[in-house]
Amino acid sequence: MTGWLEQMVEVIADRGRELLGRRGDAGAQTSTAQLCRTLLKGQGEASGIALAREILSRFQAMDADQRLEFFRLLARDFGPDLATMQTAMARYAKTEAAADLARLAVAVEPPRQELFRRLNMAPCGTVALVALRGELLRQLKAEPELKAVDVDLRHLLSSWFNRGFLRLQRIDWNSPAQTLEKLINYESVHAIHGWDDLRRRLMPDRRCFAFTHPAMPGEPLIFVEVALVQGVSDSVGELLDPDSPVLDAARADTAVFYSINNTQLGLRGISFGNFLIKQVLTELRAELPELATFVTLSPMPRFAESVRAAAAGQLQDLSRAQLAGLIEDHGDALRAASGEDDPVAGLLRPLAARGGAGEVLRAPLGSIALAYLQLRDERGHMLDPVAGFHLANGARLERINAFADPSAERQHASFGCMVNYLYDPDEVEANHEAFVASGRVALSKPLARLQRQASGTAEA
Amino acid sequence: MTGWLEQMVEVIADRGRELLGRRGDAGAQTSTAQLCRTLLKGQGEASGIALAREILSRFQAMDADQRLEFFRLLARDFGPDLATMQTAMARYAKTEAAADLARLAVAVEPPRQELFRRLNMAPCGTVALVALRGELLRQLKAEPELKAVDVDLRHLLSSWFNRGFLRLQRIDWNSPAQTLEKLINYESVHAIHGWDDLRRRLMPDRRCFAFTHPAMPGEPLIFVEVALVQGVSDSVGELLDPDSPVLDAARADTAVFYSINNTQLGLRGISFGNFLIKQVLTELRAELPELATFVTLSPMPRFAESVRAAAAGQLQDLSRAQLAGLIEDHGDALRAASGEDDPVAGLLRPLAARGGAGEVLRAPLGSIALAYLQLRDERGHMLDPVAGFHLANGARLERINAFADPSAERQHASFGCMVNYLYDPDEVEANHEAFVASGRVALSKPLARLQRQASGTAEA
Amino acid sequence: MTGWLEQMVEVIADRGRELLGRRGDAGAQTSTAQLCRTLLKGQGEASGIALAREILSRFQAMDADQRLEFFRLLARDFGPDLATMQTAMARYAKTEAAADLARLAVAVEPPRQELFRRLNMAPCGTVALVALRGELLRQLKAEPELKAVDVDLRHLLSSWFNRGFLRLQRIDWNSPAQTLEKLINYESVHAIHGWDDLRRRLMPDRRCFAFTHPAMPGEPLIFVEVALVQGVSDSVGELLDPDSPVLDAARADTAVFYSINNTQLGLRGISFGNFLIKQVLTELRAELPELATFVTLSPMPRFAESVRAAAAGQLQDLSRAQLAGLIEDHGDALRAASGEDDPVAGLLRPLAARGGAGEVLRAPLGSIALAYLQLRDERGHMLDPVAGFHLANGARLERINAFADPSAERQHASFGCMVNYLYDPDEVEANHEAFVASGRVALSKPLARLQRQASGTAEA
Amino acid sequence: MTGWLEQMVEVIADRGRELLGRRGDAGAQTSTAQLCRTLLKGQGEASGIALAREILSRFQAMDADQRLEFFRLLARDFGPDLATMQTAMARYAKTEAAADLARLAVAVEPPRQELFRRLNMAPCGTVALVALRGELLRQLKAEPELKAVDVDLRHLLSSWFNRGFLRLQRIDWNSPAQTLEKLINYESVHAIHGWDDLRRRLMPDRRCFAFTHPAMPGEPLIFVEVALVQGVSDSVGELLDPDSPVLDAARADTAVFYSINNTQLGLRGISFGNFLIKQVLTELRAELPELATFVTLSPMPRFAESVRAAAAGQLQDLSRAQLAGLIEDHGDALRAASGEDDPVAGLLRPLAARGGAGEVLRAPLGSIALAYLQLRDERGHMLDPVAGFHLANGARLERINAFADPSAERQHASFGCMVNYLYDPDEVEANHEAFVASGRVALSKPLARLQRQASGTAEA
């Protein structure tokens, strides 16, 4: 499937390069704009498919600068006409008639949106448009006025990748190598170290599920990796050990969601994760009725960065000040552990290098992490995006694991800490409501106690 | 597949009926509005799926009056807010900023459009929404203000049923009975008289292709039936005879597209036919290189109706006057054939009953039909929708078959006449351009000659 | 799948006919023998496939007489050599060595068996060989010396159609029309009257399962039709009524196996039925745990024939005498019902024509049927093959339904009677053992009582 | 598929181990024999499946000694009865009747053959029986009297794995990882060094085809690897280089079959290779009409061993003497190259170590290899099994590549030499006939010339 798809994309790209070679660059660029206009003018005839294919293949053959030019073209020449919009607005304001509303909607919708719809008719058009948006997002940082183009693409893709069109697919060792290879490439939470590592992650005591879209066969859009274990893991070591013994899945009581990955830059901002987690939860309960606990083992991507900023006094708002206070509170313990003046220095040492002294850090780390996980930024968004995701989904902040991941990467990002978020089917709705309505974070009993102690300390 | 799908739909409907039973009707109706609001307020959480399912199942359980109420609700309460739109318009007019354009687009888009997107998340949501639009179209005639709702549904479905998402599928005797049964039910050009008739239409010298959509598995959205023959057929008799001998497909030189059917009322106005014909043409040329001629055998659905109106002097515009003129010109021949005063009377007699005298009618019928097929209505649309479709697709008006179909139905609709439109791959683009740009109709040489004679006569 | 298969068979046949046409008949026949010898002499080279195809295509092009000649050729020229066998026998008797046993086995195996194995290499070879055996069985009656050929074919097919190679397949309304059409053609217990009748038999309260073989895709070798109902049916009327209401399968407590059909004459004597029934039973229990009773509604194919023979005094052995005795015992009742001298006359009247008087026949019919169902022929085989099949499978003789099927066919074959055999998973093994070991027939309590009464009567 | 299959096998094995644990070993062994007898006595009832599963699961749980005991049991207790055979023989000799021949066949067939057929009914029975024969073959060397058991297993498997039941399957990067992993494990001609190496072998300028059997899904029984190249390769280096550039397959003129592997020890002696090569050849010609040359790049597994034996004077027959003569003839050149007294010493040096001096060896190596490739052993079999295979298939000995493979393994086995056998579709049949009938080996023109020179030398 995907073989064919990728081959098609390549074939299109090849042809595109040939064309660009044949004509001069400038000529080709002019002409691409012209092709877009012709495509837009058409009335849905089949020849539009050939046009769409030609335009997409040209795009694929372009280098970064040419693509930027193309995006500028879309931003500049394929936007809506202000005067038309105003006329339509005025008319609708007078009549409030359905037909006039329809006309207004047409006037407001930038023509490039219809252009994208028509480009989608090309073979593998959807694949190409998702890739095109990926490229656009890369260039957006340097050229924010392209935002207008992104608004339209995102609107369209959001409609096309509606949950109703996605398919849940189980991935295992019997899946096509082509798909499995993508997992290796896409996994960014816990890198997959080659095929043996992957194989262990697909054994009978592991599960992997992905959403796919019919127009992108063989391409996992998002995937989650689950370990079936006995008791909640507080460390990734055993979960990721390729030589760990394989458990009989029927005897597991806990499902650990230890990695969730979005794979398509071009679908950024179009959220699938909440649907995926809950549907996988449903699947697992149906398959393995003995499972009683559903928990993540999640990273804290900005923990160390925030702590360092707080300790350095680079505080931008109240909440970070709070973090700095906590660090100060635990300053003695932190300094004792590191034997240095800088309270954060000890945290930065590798877990392995800390030795017995490391244990001293567990309590301070836990307290600081608990505070960090509830911080919000100036716009009110959760500072930690992973916490924001799971708490909004209705999970409970269950446990903070101080020394969960000894990898250099995790040590750097979060002093080796990881978090368990727990999904209790009976609580999920209420937690979600409370979090969305009033920002209240659901805490496990031990964490609630810790929180109360911390406030007590703070108040005292 | 579809079995599961239809079962789901039914299960949903059943549940809906239970719910409606449990509560009072009025209460339920109120509450459905409330559910819609809750669904709209949500932020993409998985529980939205359950809400969507509930709303759709309620809709399916409603009777026609309740559905009308629901449509009115959508029209009244889920439209855009005029003041918000105006504010957004004013702001964008000032800044012309991307973000403000995005806000304006949001303000202009009626909330029911997002509601439909969220309803689509339910299992079989797309199937349900297509059915819902079908129902809406039925009620639209009596209540035109529902048009606003239809504009939104059509916009969405048009995007979701983009050509890029459709799949061409060959249907043959090895297809699921469930799908084949739908052909029997949906065929409206030449009714399929049971399974034996269907079986003949799927034999090795016949082809049947359909477009399907991934969210409506097993459901042909549009299908075309093709007969592989030697020489262009001028009558449906042999094509449809269930006992006709089966030709070796490799020896056919002509493909006759003798029936095209759209199957979903809920997709009316979203055109697939042009794509289908051209892709099938491509498929057939690849499979059977001996095929040299691609021609339709098409009905003339409003021929008799128009002739009668013209003859009765109920003329609304110039073009029909022209038809009346032609009838007058051929009046003697027509009266001679019928032996009556009314020139149309002879045409109305069954083919079988005309006997040898019928032959006299061939020439006048041909001339009048040729004129009719090129008439346009007051809005400039082709009077004959089938002619409009094929000519806009780039086909050529090839031949008029005066006595092609002796069935009572066809006799009533077009005096038994049918038309061949010919698709010449080398001409299609040029024909299409000429027709769209200047309304020029491509004619075969004999028809062009006939046309010249007719104008000569007219001028003389 | 099957389309391809059947097309292949036809293509092969066509080529065969061409070849036969080209050469003279006699020449072709000689030459087919020669081809067979060449095929046998080969050492497994790929060219054998072409030879095999050629031979099979010739066979398919032959008429009945030519086929008979071919069978005679196989019987005469491809048997084992007596002298070689005797030498090998003598040698093995002396050495009892493995190698000598292997040589003896080779000497005893007729060369035609290896010929059949090599013919199987042709595309669709297995399909062709099963058809060839079907033809052989048809000709066997007239020419019993062909039995030797059949022994070899049956031995081979029995090995190739080993239970381990068969696949259970559920057939429903979503199955290919091509497969469904075969059900219509093959069903011989209760004829399927067209597609509407078939459709009812595949609705959610019905099940149909078949065994297929990988080398005969799309071809059901044996299939069973099951009705899911509430309570044990004693009449086929409701079961077969195409307009009967559809029950929610989850609410059924009883599965009635109302039709089992072997479809391939060429596989006669190779038994699948016992495996099919028990696997279907397992499937149904897994899918629908509410099912408590598994029962057949079976015909009694030789009942009327046997009764007539017994009444006419054409008795060949003891058991039939016993039947005659029973008829005599019930003679008064039977004569009273018919009002004629012949006690059987009343039974032969259509159910409908019997009116109220028919009821009188119920008891005598039951007693006679109970005796009949336990009769054995001179070789010790059960007289009623259906009873023999189910009782050997471990079923219990549950109930005799005197007026179960009013069809003319059933009236003729069994006075309209049908039988329920009941499969009780807990009893099946014991019943089977007792039946095989000592011929004991498992009876339901009411039938056991009836049996005791009858013996009491007999003894008295 | 296979996942399920292997899981099943494991589940069966687990259960078997449990059973063996429960009972004493001896008791279990006795009892397994008893179970086999019970299974054999049955009359095809469904309960046989449970018995078969039990026996196979016990076998899988046995250690090597227990398995040997089981094989002895089969050899001793499940062979045919001599007296019965003799009686049947005598009777058939008298009557020559079909029924008596059938009885004789039954008497001669060892009961274990029917036992194997019944064991095949278990889930994954075929997989288990192939594994069982693999184990038997391992033990056969030490205990030749088990040969009798193998004769029966081989006879059965040969019938079940008839070419007509095999399926050609293309394997590529879209195949299940589970299947691909098997390629890595099974490849023994040119070891696959991990997934990247495999991936290169499945790129668009490579092909891999396998035969599979429906009862062993996902399991390649034999597979061939093909490189599409320009010009005939004389060295494996480029073919196997994972970093070599990928050729556009449409531009290749030559297909090099560089590796063929049988994967199942348990199917030894049941030949698929000839069918596979020729069917792949057909597939490739259909897909890529530009391909003009089909050639292998094959190992010479016993070359070095034979040369050493010949040089050491360990000659057992005429043909090896001939080899010794050739070595003697080239003795001076060989000694010159090595600078040692032993003429073979130079050949044994690694290719890399030979330096320029190595080139001197090319001609002598070629002559000796040409002679070697045509040697036969005392039973008339080709000494080199690979040569025997391809020449019997109708290939031509095309070219001897003196320094084709520098790997230590190949250096050890054949002084680094490899051979091209060429399959010319127009010659294959004639070559095959000549080779089988008269032992004549087809040689390319250069090799024929070399052969004539060598004979000239020899004669002179």
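Going in written order, the chains are labelled A, B, C and D, and every chain counts its residues from 1.
Here, a contact is a pair of C-beta atoms (placed from the backbone, for glycine too) under 8 Å apart; a residue touches a chain by one contact, two chains touch by 3 or more.
Computed from a predicted structure; not experimentally measured.
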{"item": "Co-neighbours of chain C and chain B - touch as defined", "value": "none"}
{"item": "Most distant chain from chain B, judged by the mean position of its C-alpha atoms", "value": "D"}
{"item": "Computed distance of Cα centres, chain D from chain B, in Å", "value": "61"}
{"item": "Distance from the mean Cα position of chain D to that of chain A, given in whole angstrom", "value": "51"}
{"item": "Chain A and chain B, separation of their C-alpha mean positions in angstrom", "value": "42"}
{"item": "Multi-chain contact residues (two or more partners), chain A", "value": "none"}
{"item": "All chain pairs that touch each other", "value": "A-B, A-D, B-C, C-D"}
{"item": "Of chain B, residues touching chain C in the complex", "value": "1-3, 7, 172-178, 180-181, 194-195, 199, 204, 218"}
{"item": "Of all residues in chain A, those that touch chain B in their complex", "value": "43-47, 49, 79-80, 82, 85-86, 89, 92-93, 96, 98-99, 101-102, 104-105, 108-110, 117, 120-122, 125-126, 145, 147-148, 151, 155-156, 159-160, 162-165, 214-215, 271, 274-275, 277-279, 392-394, 429, 432, 436"}
